[in-house]
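In the two complexes that follow, chain A is the common piece, with chain B as its partner first and chain C second.
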Partner chain A sequence: MSIDTVSKAEETPDQAQPFAELGLKPDEYERIREILGRRPTSSELAMYSVMWSEHCSYKSSKVHLKQFGDKKPETDKLLVGIGENAGVVDIGEGWAVTFKVESHNHPSYVEPYQGAATGVGGIVRDIISMGARPLAVMDPLRFGPADAADTRRVLPGVVSGIGGYGNCLGLPNIGGEIVFDDTYLGNPLVNALCVGAMRHDEIHLASAKGVGNLVVLYGARTGGDGIGGVSVLASETFDADGPAKRPSVQVGDPFMEKLLIEATLEVLHAGLVEGIQDLGGAGISCATSELASNGDGGMHVWLDRVLLRDATLSPEEILMSESQERMCAVVAPENVDAFMAIIKKWDVEAVVIGEVTDSGHLTVDWHGERIVDVPPRTVAHEGPIYERPYARPSWQDALQADAPTADRLARPTTADDIRATVLNMIGAPNLASKAWITDQYDRYVLGNTVLSQPEDVGMVRIDEESGLGVAISTDCNGRFTKLDPYTGTQLALAESYRNVCASGAIPLAVTNCLNFGSPEDPDVMWQFAEATRGLADGCLQLGIPVTGGNVSFYNQTGDTAILPTPVVGVLGVIDDVDRRTPIAWNEDGELIYILGDTNDEFAGGEWANHVHKHLGGMPPKVDLERERLLGEVLVAGSRDGMLSAAHDVSDGGIAQVLVEMALHAGSGARCWIPDNIDPFTFLFSESAGRAVVVVARTEELRFTEMCAARQLPAQRVGVVDSGLGPDAGYPAGTQVLQFNDWFTLTLDELHEAHTKTLPALFA
Partner chain B sequence: MRIGVVTFPGSLDDRDAARAVRLAGGEAVALWHGDADLKKVDAVILPGGFSYGDYLRCGAISRFAPVMAEVVAAANGGLPVLGICNGFQILCESHLLPGALTRNEHMHFICRDQKLRIEDNTSAWTNSYDAGQEIVVPLKNGEGCFVADTAVLDELEGESRVIARYLDVNPNGSLRDIAGIRNKRGNVVGLMPHPEHAVEELTGPTIDGLGFFTSVLNSMVNS
Partner chain C sequence: MARVVVDVMLKPEILDPQGRAVQGALGRLGFTGVTDVRQGKQFVIEVEGEITDERREQLHVIAGELLCNPVIEDFILIVEEDQ
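Right after this comes the complex of A and B.
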């Protein structure tokens, strides 16, 4: 096997190189030659090709993501901002939290179990590399139609993968989303979120500082998995036995990840680490170039020291391998023995692979021969940046003009029809109970889960003494974003924000996972530009900064892009989780109020989607000042003990909310539809800025006066009553949800309609 | 009262078990799988999790941990030992309890709030409960299906050694709805559901699980 070295590259400037197969454009290849003043070695070419890929370099999105910094609201809560592995937010009492979402969409389509599993593994390593103990995970998921054959292949595999990895890792899964739509059939979305906590003085960054400090690679051995396009290069470069057929999806080992978490936290707490970085996309290339670029600028690596699972790997493959469960730490020489002892205690392997230098170069040797010599910034941070052309799609106006008016889509008007619509809607795949899925995830481990699915948020306790905790929600209705990306993204932000407030927590920070089609399609790029503008403007208005995120492009099947899906995660803090507001009402006599205004807004909503397969019109109006006001009332109601329950109104409207509250409580209620609105609009509209709250009689006056003083519309629409059965003609003890004299539904029939859908499709 | 909680590589619910011990009024002592040292504790808990990633067979590798030789010897001498979930699997692999735990009948991992009936309240870990008392605690397992041959099942039932049974729903296909068993002496108990996740109103479905931990404290006071 012959090795392409720096000196060989200098001697053979004209040797043809397979840059196109590696995904590099001719001008990108020329720029690499310009930077180096020679042709790159095959190892260097491999490094640049991966680090300059869309996934690693954000080359198409950077110019738009800049807005999150430019429009950042004034805040003193942000301890670490965008650009690190994950942003870090101050939540008080000396605690900081870090959270982030990442996509693992394409691997999960190719190999659902491992794709989803390694998605969880990757985001968890991002969190531990900040110095935080991971607290919980969540998974926003999107699949093709629930009844499609391929969805039955992908969904069970993804769910098993998330459970198989996360359960074994010992992190509670506290929420997420599961949405079905035709556009995700050939391109499901598997996003994974992790949140972790640390003391302020435990924050660690990915930087290699201190000349002479050693670079330690530890965790799983490096194998041939996840190499992807680089195997093209290996086979082109070597006169070996034909092209290497390597799987491009990584394989996860959650047991190793669990050991890696414990070992990493122990070396961090022992003060033995100067800088740390996880190995994810682009493996050792990414970790070494980023550490060097963020630090003193130089690093030397002895690549032949890397512990291998497969002794036949070429240096290019070792540099590119995306084998899971590996970490890289920068350790002072005097601490190496202590560091190694702790790693060994956890039965994890480690080896010193390099050292920090002041050369300004990242140099890599393979058995004494120099195979890489590059300025690390040019690999890690100074990749190409594109201003992709974008334009409002020619079909956008027609789509927006096709509004779901009463003339366009037939609406139920009689009591019987509306009753049947309630039962139909709560069983729609997007609105049905997701328990069949979430019951395959451990939500109890670590003993700090305060709220989890089907609550509005996932909430975990951080400090057992004080009760300090955090709440997280992720949301996005991609149909709204398709109709109007700017407004739709703000609606996603508004819904997440509202969910956090409904739980009693105060929103602090935003993360995102921006899933879109091809950036080379001007229509898609316009959606992306509008979505990022909407999110940046929205965050500025709500006063909560974006702390980090992830972009996933090329989510499309042929020419058909997915619904633009900017998943927005909002994190909130609650000073005492004991005062959290659940979605279930508590006891008879409590009063049910609807806060906010309900208008005739059905475009992009679940009723038009499920009943009529219709998508058109303008999404619901978004009023972020109203959202902020509603949020303040929800938080104040929690803090002052006025609210027994609260539930955000979004997909499926008020009908869905009342059914979920009743089913979760296990007791019925008498509700009435206000006179000033037609029953269908009242029950199914998806107007934003609304929540249903439940107030004890003793608190009613105080609560309504607060709403009046703040000019937030509050309308009483029901009372909790577990004794309605006999009056409604049912045996005593039967729980019913009654809508004045319109119709009555028993909780048994609601339960059946709500819970049977997913097991019928997937069990 | 010092109650040891063993951490194996891949133990997950060790912190939860320690918390439950504290809330019950005991002192939790961390024990390490690699140390053949029980630190003079008065009882031992083998917590839930995926020790050694469940590789080979759940609990099959952990039974060879240095600490387990000590646990087995002490258990045979009467030390109270509770194995929860993966801990139950380790107890079976160590032959401190009969039977085995196999893949759930429906093949999925399942996490649910599970109703149980306490069938035997004479053991070191169940004496705080009334016989026949119904409780709800979380259950979460992928391989929780208790199996044994008919003679063993008959013997377990004949000697009142089934300490808890699943009610309403058998979540994993366990024979005769068995959720937990004890040894003849009553000091060693294996339980598939997780009482340590039902010790606080805030985080559990109930606080019904606390009784397992107060039981062992009672039995130590009384002995």
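Right after this comes the complex of A and C.
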């Protein structure tokens, strides 16, 4: 085995290098040569190629993501902003929370179980590297058509991977999304969110400061995981009979991750750590270059000290390996013994692999030979930045002109047809109960889960004494975003914001996971530019900052990109989880109100999608001032004890909301369709800025006066009633949802229609 | 009647958390000198009649597509005829 060293690189400047196979463009390779003043060694080439990849460098998205900083609303809640592993938000009482969502789309397509499992593991390490204790995870998922053969391969694997890893790790899975669409066949989206909490003085950052401090790698051993791409280098440096092809599948070990959480939090709380970084994509390359770049600018690494699972790994492979459950800490020399003792107590292996220097260079030695000598900023932070060309797609106007009017798409008009449509819609894969999936996740481990699926949000308690808690929702309707990326992204933000308010929590911060097709396609890049502009403008208007996020490009099959899917997560705080608002109504006599305006808005909605397979027109209008007003009313209603229940209206419209509330409560209601609107529009339109709330009779006057004072439309449309069965011709005890003289549905048939879909497809 | 045994193991480079757990337990129980443990699974399949080339091919398909996950596992198929 011959090693490519810096001196060898200087001697052989003309040696051909496989930069293209590693994903580098010729001009990027030239720039590396310019930076170094020579050809890179194969190890340097490996580092640059992976750190300058789209995934690590954000080279196509950076110019657009800048807006989240430029348009940041005034806030004193943000303790750590964009750029660190995850943003940190002040929630009061000395507590801070950090949350972030990341994609693990491509690995989950190759190997669904391990791809999804390691996605959870990766985001959890991001949270612990901020010094926070992970509290819960959520998973926004997108798959191909529910009845497609490949969905039957991918979905069960992804679901058991998420469940297997999260359940073993002991973190509750409190929500997320499951959406089916043709464009995700061949490119499912597996996004993972984690939220953690810490005291204000426990925040830690990724930087290597203090010359002479030592760099410690700890956790699982380094193996050949996730280094498929670098095999072109390995094939050059390995003997002909060496391992021919390395697997690129990373395998997770949740029990090791649990040890890593406890060991990491203990060394952080003991004050033994100067800087810390998790190892995710790009492994040691990323951790060392980012730590050095954020710190005093120099680091030296003895790469041969890295503990290996597979002794045959080449230095290039060790630098690139994405083996899971590893962390990197910067520790002062006098603290190393104490640090090692704690790590060892948790049965975790650790080794000093380097030290902080003031050389301004990241240098790496392999058995005494210098194989890397680079300025770390050029690897970690000063990678290429592209202003990718973008243009409004030529088909966009035609798409928007194809509105789902009553002439274009046949609408049900008779009572029987509408009744059948309700049953059909609540069983549509996108609207059907997701219990078959979420029941595979442990929602209650740790004992702090207050709300989880199918509620509007996931809510966990943080402080057992005061009841302080946080609520999180993630949302995105990719069909809206396809019709109009700017509006669609604001609709995703609005829905997430509304969900948090409906639970009684006050929205504080935003994270995102922007899943798009190829940035080299001007159509896709336009979608991305519009989506980021929409999100930044929306966050500014709602006064909640973006604290971090993730971009995933190249989500496409052949030339067909996925629906643009900017998943938006909103985090809110609630001062006492006891006053949360659930979605289920409580007792007979409570009054059902609809807040907001219902218009004829079906474009991109689930009815047009499920019944007509139609996508066209302009998405529902978004009015963020109305959303803010609605949010204030929902939060005030919760705080003053006026609301028994609340549920955001979005996918599937009011019909879906009333059915979910009734099924969750297990008791029926008498509803009436207002005179000023046709029943179909009332039940199925997906106008934004609406919620259904349930108010006790004793609170009705106070609540309606509050709405009137704030000029928020509120219309009474029903009353909770568990005794309607006999009147409607059913045996006593039968629970029914009745729409005055239009039609009646029993909860049994609603339950059957709502819950049978997923088990029939996947069980 | 013929008996076919299929051994499925994780590929050598793939992390085996179960094997590592067993290895750790051996150390704690005082069994020294064990440097590595990897855990796999074994399928014992009984088939009718003789193992023809066609049947052998079919068994390879079964082993490669159903019994193992070819992305992360390898298999070895051994035919024990005339039980």
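Simple rule for what comes next: the second predicted complex is superposed on the first by the 756 of 763 C-alpha atoms of A that agree within 3 Å, B and C clash if a C-alpha of one lies under 4 Å from a C-alpha of the other, contacts with A are read in each partner's own complex, and residues count from 1 in each chain.
In this section, a contact is a pair of C-beta atoms (placed from the backbone, for glycine too) under 8 Å apart; a residue touches a chain by one contact, two chains touch by 3 or more.
These numbers were taken from a predicted model, which means no experiment stands behind them.
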Next on the checklist: Applying the document's definition of touch, where does A:Trp346 land relative to chain B and chain C: first, second, both, or neither?
Outcome noted: first
Checklist entry - For A:Asp225, is the partner it touches chain B (first), chain C (second), both, or none of the two (neither)? => result second
Checklist entry - So, does A:Val450 touch the first partner chain B, the second partner chain C, both, or neither? => result first
Checklist entry - When the two structures are overlaid on chain A, which partner does A:Val577 contact: first (chain B), second (chain C), both, or neither? => result first
Next on the checklist: Between chain B and chain C, whom does A:Val110 touch in the aligned arrangement: first, second, both, or neither?
Outcome noted: second
Next on the checklist: For A:Ser323, using the defined touch cut-off, is the partner it touches chain B, chain C, both, or neither? Pick first, second, both or neither.
Outcome noted: second
Next on the checklist: Going by the contact rule set out at the top, does A:Asp721 touch chain B (first), chain C (second), both, or neither?
Outcome noted: neither
Next on the checklist: Looking at A:Asp442, would you say it contacts chain B, chain C, both, or neither? Reply first, second, both or neither.
Outcome noted: first
Checklist entry - If you stack the two complexes on chain A, which partner ends up touching A:Asp648: first (chain B), second (chain C), both, or neither? => result neither
Next on the checklist: Let me check the overlay on chain A: which residues of chain A are in contact with chain B and also with chain C?
Outcome noted: 253, 255-256, 347
Item to check | Of chain A, residues touching chain B in the complex | outcome: 160, 163-164, 167-170, 253-256, 258-259, 345-347, 438-450, 461, 464, 577-578, 763
Checklist entry - Taking the complex as given, what residues does chain A use to touch chain C? => result 110-111, 114, 220, 223-225, 243, 246-247, 249, 251, 253, 255-256, 309-310, 323-324, 347
Checklist entry - Taking the complex as given, what residues does chain C use to touch chain A? => result 10-17, 20-21, 24, 69, 71-72
Next on the checklist: With touch defined as at the start, can you tell me which chain B residues reach chain A in the complex?
Outcome noted: 9-10, 12-13, 15-16, 19, 34, 48-50, 52-55, 106, 108-112, 138, 140, 142, 194, 196-197, 199-200, 202-204
